[in-house]
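Order as written gives the chain letters A, B, C and D; numbering starts at 1 within each chain.
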């Protein structure tokens, strides 16, 4: 297929590479050209604008940091919407708000273009290893059409529903699940350290108990205080928890635990942890226990 | 070995049975005699009081609901402490407070008896299947002496430290980890239900993501609202979260997420959920979202 | 002075009336004409659009429900900005976000117009009685120019700083102070009712203790469950707490108590209390205690 | 009347002094004798033990730091209960738990003695100035009998109900009301400082708005960071919030705001603020905002 891929950060570059490996024709665009050129060396066509990138694409994928970046790339000058062919699909893999997903659907539809939300779960290593979980939502026939693309970047595709924003709601709640695990570990470790129990020991029991690679991975990062380089920055994680709360507000559902995490992440940022990994949330509980 | 086992609830009965199966001589005691007689039919000696049960034991295990019951069985009339031989060990497997563990250690030591804390992780099915995780703490030589007992009831024994209360701190924090997962699921499900996303779908994504049997099990109970019969009642879970907070207070460590869960469990109890499974915590978030 | 007043709700109508009484020429506009006509009968000129209302004004005051309404009246078709003379001042008395205040300042400045934020404290009765507290912020000379207007509507004018948004930050934090008092009363009353202590009795002690008319007023509303007609709806109060949290986020300051209140207000709304007075927050604590 | 007064801290000494001034015969006892001798110089008889102090009293008042101290003075060796005449009354003015109040009632009743709870509101200055608010609970005839005593120490006596513990529940909820005001101020000040709004300015607006001496007093302490010498230490305040939560738990009423305050006070203590005034709670919000 003729594809385009906009946004070549840690995640996006690996996803685009896997599309190339699967044999698709991929035109890439990135704000800072050097990242695009790297993909160019691996067989991608490099475009100078999002518009140029997707002019001849059947499917244009975007993987950007947030609503603001997505809005600019989709609807700014030389944006995707200005060039995408009628009937072609814009697939947003970014973790964006449900409000933004509705805006994308509305605007593309108004132009005779198609839109799907397909946010992904997985850290950069998973993107590289083609092991993402893809959560897609939108018209069933479009999802069918895009399935080869999803198969090329992930190990599993789940369909969240017929409205694109449903995938984003699911993705935001999933990130909340992980963030909550981080907060829980943080509080438990602070209490246990002050109780004289070795953190690694607690982690090993939790590994027996939960038997989850996610617990093992993040628990290990916290115990060893390995917060740099960040796989996912506190700044972006904070954004995601805020978006989860916005979705919850839209539908009228309080999420007090998400609020608590949001406040702790804001405290982390106010104390200089913006660019550390989000697992550095543990520092907030530690400070509140007088441990740092 | 000559063992005694006090407290034959859902958990205790299975643990005692596994000790019998491992070839130990086990004398059992339970407040309501019928449960003891059941074990009697399987080869245990049945005693009329805790004192009688442990008079000739090398190791006396207790598995009771809470501090109050443990205190009564240990130090009440005809309690363990009144009969246990010098040098013999009382092993408390119950989920009790760190303060109670210190009291047990102090009192037994004063009588020339030994004490270990060895709380366990696992629901009744795991106790039955000999798949508990045993968290032991106390003098290393005592732990060595009791290891055959731990091996007979669990799949894994972890040593938390040289002070018995450390095992209880670890256990309480572990239960907090699970309780937090329940609260997180509860809030996510409420928001997703109001967003039109199928709860089973979200659960399946979480199963791909966390790949944890604990998530699968409890997530499934919540999605299907299978809160009866309770594997672990809200009433006891509430007690455990309170004990975790007490430990945190002792060592000077705030646990705001544990506080949040405590308050939601108290709300659950105030709304009649005392004897439902603790996974019915989901009803609190549902009510606060106007879903029930 | 030649004034205009846009937005004649419960608060705005009383404020406009007090400006008339003080001898100013006031042109009024309201979306639903009948409220404007009422003021017309009392001496105001009635305009058909915001633009028409403020074409010849030295000062244009607006008093609207939220950011959205303010944006429409200020920058929509036939909005204030399209007609206000160079050098004339738009004074927004509404409780709007700090972000909206900055936008108003930016846009008016770009057109050679002036802007002040001057939100007010006080319920409809206080507006009627000319007893509002006016919190003004912006260029000092502009504040001086507008002082006769502030004196005509309030009992006290406080200057928050040279940047308009500072008045809005202060106002939002002030509303948070009241909302917090409501939540505190709510939890205390729930616990005391379940303890068999008469709520009126507790209120009378709090009146001795705090000696504050605000406590007396709101405490009385809660004890007597007088939540209709609403002096200030839950819907609008919820908006204000959200705006306080947005300001806190902008400057990097967690407000966990504001988050708690926001979540309880959202729960109130999800349970049908949207149009009750915000003091009906007490129902949330009552429900969580199993009292309703 | 023949009175005795046990516990001559900042509060107790002033209360005992006011009883002397009102013409009562007062025998005093304090753990560290020097404080008792001071009162001795003002006309009190000084006793060597609580028992000796109250042997001939019609009414024995106690004013102690907490449950533990009260228990010791009441039921320890040479305690009140060992010496108080049948029919004489023990009046506990301390801020103790509702559980402790029930224990006092039960034990004194078993000895043919009488018991009243009469906790007081007011800081040391108010105790000195005879301006306390006395909250009494117990048998109506006993309250009548003790009224001259209450009149001698306070400006107002409120009867909470026929069961002593009701006065303690009310007192604990009242302290929670003040603690909540401290937390609210703390969060508002942190946000406003980061917004460039002068804290004194905000305080002056809150003084116009609430018109409460309690707000003026505590708000001023926070703004000026006057946390020493402590009128009421963080350590004792923390104890009170915990007792409020215990009462709430007894009756089945969640108090999430009290939980939040408890956690922040625990963080304050973990960060070395144990002996500062409880208004230093403001440091917690400041730290979480990166301000300290």
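In this section, a residue touches a chain if its C-beta (ideal position, glycine included) is under 8 Å from a C-beta of that chain, and two chains touch if they have at least 3 such contacts.
The structure presented is a predicted model; accordingly, all values stated were derived computationally and were not measured.
K.L.:
Enter the minimum step count from subunit B to subunit D; a value of 1 means the two chains touch.
P.N.:
When the steps are counted carefully, the minimum from subunit B to subunit D is 1.
K.L.:
Which chain lies the greatest distance away from subunit C when centres are computed from Cα atoms alone?
P.N.:
With centres defined by C-alpha atoms, farthest from subunit C sits B.
K.L.:
So the centre of each chain is just the mean of its C-alpha atoms; given that, what is the distance between subunit A and subunit D in Å?
P.N.:
Roughly 53 Å separates the two chain centres.
K.L.:
When the C-alpha atoms of subunit A and subunit C are each averaged to a single point, how far apart are the two points in Å?
P.N.:
38
K.L.:
Any idea how many Å lie between the Cα centroids of subunit A and subunit B?
P.N.:
Between these chains, centre-to-centre, one finds 38 Å.
K.L.:
Find every residue in subunit C that makes contact with two or more other chains and list them.
P.N.:
Only 248, 252-256, 260, 263, 267, 270, 288-290 qualify.
K.L.:
Show which residues of subunit B lie in contact with subunit D when the two form their complex.
P.N.:
So the residues of subunit B in touch with subunit D come to 242, 248-249, 252-256, 259-260, 262-264, 266-267, 269-270.
K.L.:
In the complex of these two chains, what residues of subunit C are touching subunit D?
P.N.:
98, 121, 133, 135, 155-156, 158-161, 163, 165-166, 169-170, 173-174, 176-178, 180-181, 183-185, 187-188, 190-192, 194-198, 201-202, 204-206, 208-215, 244, 247-248, 251-258, 260, 285, 288-290
K.L.:
Tell me, which parts of subunit D touch subunit A in their complex?
P.N.:
Touch residues, subunit D against subunit A: 256, 263, 267, 270-272, 284, 287-290.
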